[in-house]
Structure formats: structure tokens, C-alpha cells
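Order as written gives the chain letters A, B, C and D; numbering starts at 1 within each chain.
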Amino acid sequence: MIITALIIAISVITLFAVLGLVLVYMERKVAAFMQIRLGPMRVGPWGIAQTLADTVKLISKEDIIPNGADKFLFNLAPLMVTVIATLALAPLPFSDKWIIWDSNVGVFYVAAISSLTVISILTGGWASNNKYSLIGAMRSGAQIVSYELSVGLSLVAMVLLSGSLSFSDIVMTQQDAWWIFKGHLPAWIAFMVFIIASTAELNRNPFDLPEAESELTAGFHTEYSGMKFALFMLSEYINMFIVSAVAATLFLGGWMPLHFGQDNFFNHIMDYIPPLVWFAGKVFFIIFLIMWFRWTFPRLRIDQLLTLEWKYLLPISLINVLAAAWITVTGWHF
Amino acid sequence: MDAENMKQRISSAAPAASFEVDKEFLYVIIPADNLFTLIKTLKTDPDLSFNHLSCLTCIDRNPEFYMIYILQSFEKKHEIVVKAKISGRSNPAIESVSSLWSGAELLEREVFDFFGIKFNNHPDLRRLFLADDWNGFPLRKDYADEVNIENRN
Amino acid sequence: MEQVQNIVSDRELQGSNLQTQEYFINVGPQHPSTHGVLHLKIKLDGEIIEDVDPILGYIHRSVEKMCEKLSYRQIIPITSRMDYLSAHINNQAVALAVEKAMAVEVPPRARAIRILMAELTRIGSHQLWWGVMGMDLGALTPFFWGFRDREMITEMFEETCGTRLTMNYIIPGGVATDVHPDFIGKVKNYIRHLRKKLPEYDEILTGNRIFIERTRGVGYLSPEEAVSFGCTGPTARGSGVSCDIRKWHSYDGYDKLDFNEVLFNEGDNLARYKVRIKEIWESLRIIEQVVENFPEGEVMGKMKKVIKLPKGEFYQRVETARGELGVYIVSDGGNTPYRIKFRSPNFSNLSVLKKIVVGSKIADMVATMSTLDLVIPDIDR
Amino acid sequence: MSYIENILSTSVSLLKGMKMTGYYFSHPKEIYTRQYPENRKTLKLPERFRAELTMPHDEFNRHRCSGCTACEIACPNGTIKVLTYMETTPDNKKKKRLDTFIYRLSMCTFCNLCVDSCPSDAIKFNQHFEHSVTERKQLTKVLNRQGSTVTDELK
């Protein structure tokens, strides 16, 4: 039991480290190519070791705690944000056999855990004793509390369609086709709402108000430097991975290969590609989509952000839940 | 409105004004005390309506100062230069025009900063560019600073 | 918004325990959105701005005092460093003032070159502003696209003038040297390139709904206020104030060219944005006309080696990318000015900031500051 | 209905922007980056580019500076300092000769006024633009070489 736990712990930490490195590199390259430049090119071939070098730099940097900061909370916040990101990873199925904790309430669990991130951002922003950080933290509070609703409702729509709260069950329901193909309009709308709302929950552009580089210098993590800043950044990317994994599992079939109908030739060919590859492919597709948003759109203003949620996303997802329920009751999906 | 008419209008508003003309501008020279009435007429008179304060600055003709107001009218498309003569070096003062043009507020602070001219009824007369504890007024001709100003021949 | 504020104040009147307090934040001297060492002391109520106090002078170099010790030829490189994004046009202003005082005739080729350089500078400046505007609103990609197109202009300048930013090329009497033999061809290429790329600007930013929401109706400046604060350039033209010096007090043969003064009446950030985008198109038209009939001949008028201005006062206006730059030279007959005053467009445009951002949010202030297009060295001088 | 129209038009405008960034992402040929130290060999600077003031010497170690200090006077910010001495020529005339030509690169603004003012084309700008050094005093340079003399025509 302990050994299993240890193995899991080590592999999760390794996964985190690798994900952090890969995603930061990917972000920089995606950004660079959209911005007609090359991005990191110096460290290693095509700058592949750039993020590694950056991590070494961040670790060796001086750790500064501002004079007026609440020391305990200031140190706690980056730790908390990483722990929360780790917890949300547990019930996600990476392939048909790879799952840390096959919970029967997995969707509920992820929704509950991921909404905790705001507490660590509030803590960090408040404890910094910096007005920019405080404004950033307060914005984050308003933002995550409201967008949590849309995320939750789009999850509910998918739970209604698939009839289960367990991630592995949801994947199994997509054996004949992914929900995005067989769920009709409700699945489409839920997918779009989920992507928009979870981008907001991740505090990424166009919803990066808590950081808002041009307004609040760096928002809630203005005062953080060195490894503590790195933990904030790492958790942002881990959260991005988790959100994308949830989206991939609910809408794009998770590790399930591309199937249409039962037991035909096409399905068998698709089965030759291992499930882990399917999973990673879908996750990275959604991550790319979120990055694409970031490097295209300007930032919203705080009142526009809330208008978007309360006037558009929330009513739409409420109606969407009704529609999903209707489709489930009448059995219109395939 | 041509220069002659303008001169007449100005003379009736401010009898102390004297005139100079060059190729481009009509210069009005007026003692500092009469400035505000003149400027106000220039701005509010519907035939003159100089609504744009293009440039506000000061010249130190040691010992007196001249305030320069280059005014322009966007509607009538004419312009004029008003020079207000401030005599007395120890405590030069003139009426502020910031009640007529909001933009003059910062411009007058700049002049105060560099020439030390006090603007009466200015809402917020502080140093603008230089530090609050700066000694002297650097654009005056008698300003001396052995440390920072290197005299080249 | 007003309703919400009323509710809050009503509650306070009823003796509720809820207390609010204003607080100050310092935006700058180092801040990503001030683009230079501008320091704004801002009084905030939550996210709403109650007061703005600009604190200037962080890069004050006392250009005016320096110029009193410099010959007229030496003033030119100093002026490049005021509004460094309109370096050519600043040089042109001093050159024109000196020429006016000395009554020197500038040869037609030099005048054509001046217009070409000035309009290319204007395009480059607006492109940089466009990229930075996107960056201020959180879209980083336009920044690089803007720089790509500006880079080509900078390279043309480098080839002809020898430097990239502070050129010191337009001098009293004409221009320093003739243009590089490849210059005209490159300009023609560039017009073709930019006509293809400008629609892309519209697709990524101008048409973007988020961008429109962020700028429309934000930072409203009424025409009366624009005039009262002495705003010029695109800032005033976004409020419908006709103030283009190229049309009003034409210099260097702008009056012979066919171009429109771009005017929008909305007075908000979007209007100022549109003015600048349209000005790029107008500048392209001007450049095309000049390149079509590019005169041959000398590039330098008859100037003495040592420039001495007659006694008197001389004022020359030019239209930089940001508005009216005035050079006021007081000469007592020597080879250095008795007093020189630069009426900088940014200084007046900055003074309007307080007026138009009070009551809006921090994010709006950033957007507004961006559309005022401030260049700090020109404010501080 | 305008509610739905609003959503649709917004989506279209956002997708247009994504199309543009997507275009550049998928067309690496449009990349504008030039990798500087790597392309040093192929780097071609325009011939008028001004980087550092130099005093050309011919093969007999002779420069063309007569020591008239026109450049020193022309410089707006005191970059140049010309030190001279008096030499008696064979026909017993006193002549000014260049002793040391001091150029402070740290103060130079590359405005070209010194080169313009030089009556004998003694100085010119070269294209060596990599100025960074470890100490500030290394930026103060002496332009005339050790033991150099003035060309015969200026004697």
C-alpha cells in the first residue's frame, strides 16, 4: 500500500515536472510562431532545454519576502496552489488501465477541488501587502466564483447525457462515438461553454485579469520571485492540463480511440493506436486551443467579464442543461 | 478679421497694449496687470474667438520677463502672439489663464518651475519637472550652477 | 453604474457599518503600461479612478537650456531625442524655423525627400503605437506584427541616413545627403507590402469584438475640452477638431498634395484608434504621390557654414505623429538661440488624461493612455 | 433575437482573429527573426551606417588630420578632444600638429557633425558596431596611431 502510494507520488511529481517543462516550452513556441518569431533557440537544439535552464535560474534566485507581508500566508499560498493542482489529478483516466483513483464521483470531485484555487490566489494576493496584488486577488475572487457556475453546469449537462459521475464510466459510454459527435447541440454548447469558462478559471488571456500585465504589473504574484513564483506558474500549467484532460474525457472520449458505431473495420484500425496516445493527443489539442486564444485576443475588462458570465454563459448553460435532460429522457442521442 | 480691425478691437479692450507686426504674426505687448482682461476678450469676443492656446512660455530679457501666449482660432483661422511684460525680478507674478484654458494649468506649472513666475489664482502651483527642493529657476539668464553647467566657448 | 453607486451611498447614509476608503497606487515610474518613465499617482475607490496626478521629470534633460549653448546645426540631433518616434519631423521643425528666419529657399528635391521621410516616420510611429495599443489591452501578438512592418521603414532610414532612430538627417537648408539609390524602389515595394498587411491589422484588432468593447465609449473627450486642453494631432482629431498643421499652415509643399485630414466625431478611444489607422492610409497616399513625381536636382539650399539668425522671434509649427510641435526661437543675432521653446504635443495631450479617466476603471485608464499615444521624453524634454 | 445575433457576430469576429494568428502559426516562412550572432558572417550593413569614429591611416602610418579642432567645436556634446602641439617646419614657420585625438565613444550620438565639419576628410565612421566592453574607460579611445604623422599635402 505504502509502496504503491510512493510510486504514485513519484510518478505524479515527475509528470508535473515534465508537464511544466513541456507546456512552458510549447507555450513559448506557439506564441513565437504566431508572432512571426522563432522563440527560444539558444539552449539545446531549437531551444528545447530552455525551460530547464529557466527552472535552474528560478531555483537559484534569491527568495524575497516583502517587509510588510504576512510571512506564513505568503509562503503558504504557492504551496497550496500546487497541492490543489495535484489533488485534482487523481480521478483522471490516462488510459484504460492508468488511473490513480477510480472514484465513482470523479467529476464532482474535480469540480470541487479546482474551485479551491481561488483561495490560494486570494491568500497570496492579500499576504503580499501590495495593492496591485490585492486588486488582482479580488478580481480573481469575483472571476472564479462566477465562472465556476458555468463550468459546473456544462459538466452537469455531460453527466446527464452519460448518466455517470465516474470518469471511467463516462469514457466507456463513448465507445460507439465521442459525445461531441453523438450529443447533438447540447454537447457542442457545453463544450464551448466549458472551454470559455475554464479558460477564465485558469486566469488566462482573454480572462487574465488577476495578472493583467499591463494594468497590475503582475497582479497577485507581483511580489513573488524565484521558486515561489515558479510554483504559481507550474500550477497554472498543471491546471491547464487538468482542465484540458477533463474536457478531453467528457467531450472527446478521453483515451477512447475514434469509434463510429459498434465493432466495424474502422474501429479496429483505430484501436491499433494506443489509448495513451489518444489521450495525450486530445489533451494537447485542447491546450493548443487555449494557447491560441491567449495569443490572439485582447483582455476583457472586469465588468465585461462578469457581464459575459452572468448575461451570456450562465443563461445559455442553464438552458443547455434542460436541453440535455430532454435529449436524455427522450433518448435522442445515438 | 484683418490686422487693423484686430488692433482696434484690442486697443479698445486694453488701451495699454502696443503692437508689432512681422511677416507672420501680430504681436501685442501689454503690461502684466492688464493681461487677463485682454486675453479674456481675445477668447470670448465672438469675432476674435481665439480658442486654442497653442503655446505658452516665458522669455527672460534680463531684467524683465515676457510671458508669451501664442493664440490661434480654429474657427476664424487666425493667430496672434500676446507678450506680457513682467517687471521686477524678485517676485514676478501674473494672472493665471488656466480658468480660460484647462491646458494652461500644466504649462504654467512648467513656467513656474523654470522661471519662478508666480501665477495668481492658479489651482495647483507646484514644481513640475524639477524636484520640490530645487534651488533657483534654471531657465533664468542669471541662473548659476558651477557643478552641472559646463561653459563651452 | 450610477445606480450601484447610489445604492452604496444610500446604505452609508442609513448608518451601516460598511466603510470604504480610497487608496493610492503609483503607476510608474516603472510600469508596463506607461511606456517610459511616467509616474501617475492614482487615487482609487475599488477599481474606479478618482484622481490622477502626473509626476513628471524623471527623464528631464533640459533640452531648452542645453540648446541655448548650441549652434543651430547642433540643435538638430538634440531634437531627435525629444519625440524619438517622430525624429525626422522634429528635425524638420527646427530646420524650417531656421530657414524661415534666414529666408532660405529649399530645393524641390530636398522638400520631396522631407515629405517622404516625415510620412514614413508617421507610418512607423503609428505602427508602433498600434502594436503597443494591442499590448496594453492584453493582445501581445499585434505588437510583433506592428514591429515587423516598422522594421522595414527603419531599414530604409538606416540605408539613407545612417542611423535607425535618431537620424539627424533633415537639416537647415535641405537634407544632409541625397537618398540612397535604392531608396525609391524600396519605398515603392513597401507601399505594396503595407497595402497588403494593413487589412490584417483590422482583422486581428479593429474588428475584434473584445477590442471594440474595450474602446468604444471609453475615455470620451469632447471637442470643447480637446481645444481647451490644447490637444492636437490624432487625439484632437478623434474628437472632430480639425487641427492638421499640414493643411492649416502647410509647409514643405504639403499644400500641393492631395490628402484628407482624418476626422472622427465620437471622441472615444475607438475614434482616436481609427484616426491613426486611417492616417496610415493617408500617409501611404501622400508617399505615392511624392514618389510618382520625385524631382531631380540639388538637396541642399544656399546655406552659410556658420548659421546666424537675424534678431527676432520665429515660430514654426509642424505636424508630428502626435500633434502640433511648435518651435519658438528667440534670436538676438548670434549663432546660438537666445531662447528656444519646444511646444510639445505630448505635454498638452497628457494634461487631458486626468480629465478623461476620472470615474473609469484602471483597465480603461490603460486603454486611454494608450490612445493618447504619449512619448515621455517629449513631455519631459 | 439580437441576443443570438450578438453572440454570433462576436464569435465571427473572434474567429477572424484566430484565423490570422492561425495563418502565421502554420506559415513558418513568414517568420521575421534574424538570429544575430549566428548570422554575423552574412550580416550586411548599409554603407552609410555609422557605428564608430575612426581616423584612417595610409600604409606609411600617416593620417590626414591637421589639428584644426573643427570637429571638436562641431560636436554637440563634447565627445572629441583634440590635443595639438606646435612644430617648426624646415622653412621656419610654426605649424599646428596633431598630438592626440581623443574620442569618447560613451558620449557619442553618431550625429555625423564632426565628419561633416572636417575640412580634410581625416575622420570617418566605420561599421564596427559591437561596442560593448567591460570597463567604461575602454570607451575612451585615441584615434591617431602611435608615431603617426600627417600626410605630406597637409604639411
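Everything below uses one rule, namely that a residue touches a chain if its C-beta (ideal position, glycine included) is under 8 Å from a C-beta of that chain, and two chains touch if they have at least 3 such contacts.
Quick caveat, the model's predicted, so the values are computed rather than measured.
Asker: Please give the intersection of the contact partners of chain A with those of chain C.
Answerer: Common neighbours, chain A/chain C: D.
Asker: A-D versus C-D: which interface comes out with more C-beta contact pairs?
Answerer: Most C-beta pairs in contact, of the two: C-D.
Asker: Measuring centre to centre with CA averages, how many angstrom lie between chain A and chain B?
Answerer: Comparing mean C-alpha positions, chain B is 62 Å from chain A.
Asker: Rounded to the nearest whole Å, what is the centre-to-centre distance of chain A and chain D, using the mean of the C-alpha atoms as each centre?
Answerer: Computed from C-alpha means, the inter-chain centre distance equals 51 Å.
Asker: I'd like to verify one number: the distance from the centre of chain C to the centre of chain D, where each centre is the average of its C-alpha atoms, in whole angstrom.
Answerer: So the centroids are 27 Å from each other.
Asker: Mind checking the centre-to-centre distance between chain B and chain D? Centres are C-alpha means, answer in whole Å.
Answerer: Distance between chain centres: 42 Å.
Asker: Residue numbers in chain B touching 2 or more other chains?
Answerer: Expected reply: 152.
Asker: What are the residues of chain C that contact at least two other chains?
Answerer: 141, 144, 148, 204-205, 208, 210
Asker: Which residues of chain D are in contact with two or more other chains?
Answerer: 14, 17, 20-21, 32
Asker: Could you list each pair of chains that touch, in label order?
Answerer: Result of the pairwise touch check is A-C, A-D, B-C, C-D.
Asker: Under the definition above, what is the set of chain A residues touching chain C in their complex?
Answerer: Per the touch definition, chain A meets chain C at residues 31, 34-37, 131-132, 135, 205-206, 208-209, 212-217, 295-304.
Asker: Quick check on the complex: what are the chain C residues that touch chain A?
Answerer: Spelled out, the residues of chain C in touch with chain A are 23, 25, 31-33, 47, 134-141, 143-145, 148, 204-205, 208, 210-211, 213-214, 361-364, 366.
Asker: Show which residues of chain D lie in contact with chain A when the two form their complex.
Answerer: Per the stated touch rule, the residues are 7, 14, 17-18, 20-22, 24-25, 28, 30-33, 35.
Asker: Which bits of chain A are touching chain D when the two form their complex?
Answerer: Per the touch definition, chain A meets chain D at residues 30, 33-38, 41, 292-293, 295-297, 312.
Asker: Which residues, counting only chain D, touch chain C once they are in their complex?
Answerer: On the chain D side, the touching residues are 9-10, 13-14, 16-17, 19-21, 32, 46, 48-50, 74, 76, 109-113, 116, 125.
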